[in-house]
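One structure, pasted below without further comment.
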Amino acid sequence: MKIYICPGSYDPVTSGHADIITRAADHCDKLIIALGENSLKNTFFTLKERIAFLKKVFNGNEKIEIESYSGLTTEYARIKKATALVRGLRAVSDFEYEYQMAMLNRKLNPDVETLFFMASPEYSYISSGAVREFLRNDADITGLVPECIREDIIALSRKKMMK
Amino acid sequence: MKIYICPGSYDPVTSGHADIITRAADHCDKLIIALGENSLKNTFFTLKERIAFLKKVFNGNEKIEIESYSGLTTEYARIKKATALVRGLRAVSDFEYEYQMAMLNRKLNPDVETLFFMASPEYSYISSGAVREFLRNDADITGLVPECIREDIIALSRKKMMK
Amino acid sequence: MKIYICPGSYDPVTSGHADIITRAADHCDKLIIALGENSLKNTFFTLKERIAFLKKVFNGNEKIEIESYSGLTTEYARIKKATALVRGLRAVSDFEYEYQMAMLNRKLNPDVETLFFMASPEYSYISSGAVREFLRNDADITGLVPECIREDIIALSRKKMMK
Amino acid sequence: MKIYICPGSYDPVTSGHADIITRAADHCDKLIIALGENSLKNTFFTLKERIAFLKKVFNGNEKIEIESYSGLTTEYARIKKATALVRGLRAVSDFEYEYQMAMLNRKLNPDVETLFFMASPEYSYISSGAVREFLRNDADITGLVPECIREDIIALSRKKMMK
Amino acid sequence: MKIYICPGSYDPVTSGHADIITRAADHCDKLIIALGENSLKNTFFTLKERIAFLKKVFNGNEKIEIESYSGLTTEYARIKKATALVRGLRAVSDFEYEYQMAMLNRKLNPDVETLFFMASPEYSYISSGAVREFLRNDADITGLVPECIREDIIALSRKKMMK
Amino acid sequence: MKIYICPGSYDPVTSGHADIITRAADHCDKLIIALGENSLKNTFFTLKERIAFLKKVFNGNEKIEIESYSGLTTEYARIKKATALVRGLRAVSDFEYEYQMAMLNRKLNPDVETLFFMASPEYSYISSGAVREFLRNDADITGLVPECIREDIIALSRKKMMK
């Protein structure tokens, strides 16, 4: 059984993430969306909220599992018996960071490959950071996030900002 | 059965090619090394010679097949029932060219994905063009090409240049 | 009167060209699409054919004129009393080439600015070269070129290749 | 009337900013230098000080207005009836960030274009951050900022650092 | 006497740093490894610890001296009668940052050149930040740092993290 | 004695070349400008003409010698007892090509380093190709080439084009 891992913070999941994950799932038997619990990094949405968004988006896709993990991604991959990490590439700046990460991860665990998928052009300028910036300004996020969670994201964001 | 295609001209196959192909073969059931017959492009080694080099390098790897094709790569992939094209990424300039090709290929056939593997650092500066330049100057190609074909390549290259 | 110039070879005009030209025309009073007659460069379509395609695409847009010119673009701009050259940017490699050209053109004529528009994501991977490659392989060019000239391009291309 | 907007924090305005703004003003009827009031971002100079520098630099240029705004730049552009945002491009890293911003802004308001001007070579390495670093080390900022405000910047900076 | 300066924070020194420094020392009579004391920047290892690592690595190389400095690097170079700063280049993103720094430093002191060495491929993905990330996760740093200080780094890092 | 080599075709030498060469000569005892005789590559100016231009530009600088060579640059460096090749970096695209070349040259001869100097901003957009394009269009090349050879270049170019 071929198991792939899509690591990330998904704060929140974007249309770009959803596109890469759906395409990657076609190339393996199980795809684990893995949310890193990094205590140093503040997120806008809580781990529980981010997982809830992902569950709603990939509900019904039996190949996809959603989990959280802490520590090194390659160590998590070893435990999960995964053979590859999946990453999307949008731009040249992505490329250089991802190259460095892929080489460091290979050093940590040569049995785990990193597979890259090119972002679809229509999603190439989207990032979780851009979605959060839109939310902060109450701007329309249609198209930036999967439609089925758009209203949930907006409602939750407004509640957070009212605090 | 998961079938991947590694298209290229392999003029000649380098250590970098061999690394990507070996790693990619781990992620599929059959990997076809596909040499495009492009009448517009002159090669240093003939199609027959290039195939012979590849056969010697991958001899014994039962997952790997070597073929030639003409026309569009995506059309060839459709005939072969392949689900992905495999490409290596060495540098930023690779990235931009490969992005354009991946998007055009997806337009031609949305059912064929392009999967990218990062070149290993020790092969990141190697290209078939560099090997040919070394051969033209009778320089030592150790490390640039798989060891088992190094002497064949040198012998054949010298014969060609004496003509 | 603000006059802008869009120089290029348009061999043939693509959906990406049409997008940039239409957007640029909103920012001036007259936009001249200027086809450079460069005797050193072979084109697939003749100057007359390329102009005919452009005329059909921009027919009815009263701001747009289509002309050919020879020699330096900045000299042509001076004669036409244009204040800016318009260029589209798709990728990092475009950026560096265009930077060099813009600086050289400014040296030739400091009164002519170069204005840049970012390519729309959906056209970011399209080039005239890609269209010609599709035509050579009889592949579907829908979306790559403006719809109103798609059939004309295919018909003319087939006639040329039969020769 | 063609209205352009040059958004930024101008902390402080550099020779590079002044060059782009002066060139852009030639292509419109009114150019608004718009200082974003972003409460999350700390600046070295206060909004009032940054506006005072800009006023001194562009004093006498009747096309240029200086304002501050909060919220989304595209919403501010809509209120001001502006048809374009003006941005300078210095380097590849600028290009990728600006591409993402231009596409997001277009999504927010398709009626506002982003126009790009290439930085002049002699200013291509200058940034507000570099000016502040020079000030912190009491180094000579001649050439980095418009000459007419150089002494004001130094005096104000010294006063701030003595606190 | 030709004196070169290798400025940096070396937090900690990596195999990549050691490679560049050793190669650069071949091209001058004295090479000063200069650790900037920047009060704004927090380091993982103290200045004293970082100097101790460097001393152990370059112990016996009579050309190399290790010092700390504060203020502008070009001013420090002037005092030391150095004619060049030495920098390594790993990637495109390095290139753009280093270009800006080299031009600013030349403005500060035209008598000090910046010399660039390309990182060896096997070290091209290594950075002090990556070493620290490995340490935080108790991962194997073999190859990332000079072998003679590997155990010291691990021991010291564990002591720090237990606090 | 420290000997450096500046390889190139100098067709013709530009102000950018002259800047890098002059700066590099400050860091060695002898600098050899080495013109590769590559029979495959057509040049606009003959080897004799290109050498004459260089001689006029560097006449009086006792450190600088001008020679031609054939074959591999690293082999020529070995014969000349040179310890480094000197290259200028203008842009990201330069960087990637130069990285590949530097690594291949090191493989051919590990005793020869490649040293990089950043192009001065005012020369960052100049290339021999741009100079030839200006000459073809009879445009003003002031600033693009060293002033002392400007008229010689123009006269020789006109003579060639009249043929």
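As written, the chains take the letters A, B, C, D, E and F, and residue 1 is the first residue of each chain.
One rule holds for everything that comes next: a residue touches a chain if its C-beta (ideal position, glycine included) is under 8 Å from a C-beta of that chain, and two chains touch if they have at least 3 such contacts.
Computed from a prediction, not measured in an experiment: that's the story for all the values here.
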Number of hops, subunit C to subunit F, where each hop joins two touching chains: 1
Path length in steps (a step moves to a chain that is touched) from subunit A to subunit F: 2
Selected pair, out of B-E, C-D or B-C, that shares over half of its residue contact pairs with C-F: B-C
Far-end chain from subunit F, centres as C-alpha averages: A
Farthest chain (mean CA position) relative to subunit C: E
Shared interface numbering between subunit D and subunit A [over half = same, under half = different]: different
Cα superposition angle of subunit B on its copy subunit C, in degrees to the nearest 5: 120
Whole-Å gap between the CA centroids of subunit A and subunit B: 32
Subunit A and subunit C, separation of their C-alpha mean positions in angstrom: 39
Intercentroid distance (Cα basis), subunit E paired with subunit C, Å: 49
Shared interface positions of subunit E, touching two or more other chains: 92-93, 96, 99, 103, 121, 124-125
Complete list of chain pairs which touch one another: A-B, A-C, A-D, A-E, B-C, B-E, B-F, C-D, C-F, D-E, D-F, E-F
Residue numbers on subunit F that touch subunit E, as the complex places them: 2, 23, 26-27, 83-84, 89, 92, 95-96, 98-99, 102-103, 113-118, 120-121
In the complex with subunit D, residue positions of subunit A that touch it: 91-93, 124-125, 127, 130, 134, 137, 139-140, 143-144
Complex interface listing, subunit E residues touching subunit D: 71-72, 75, 92-93, 96, 99-100, 103-104, 107-108
In the complex with subunit A, residue positions of subunit C that touch it: 92, 121-122, 124-125
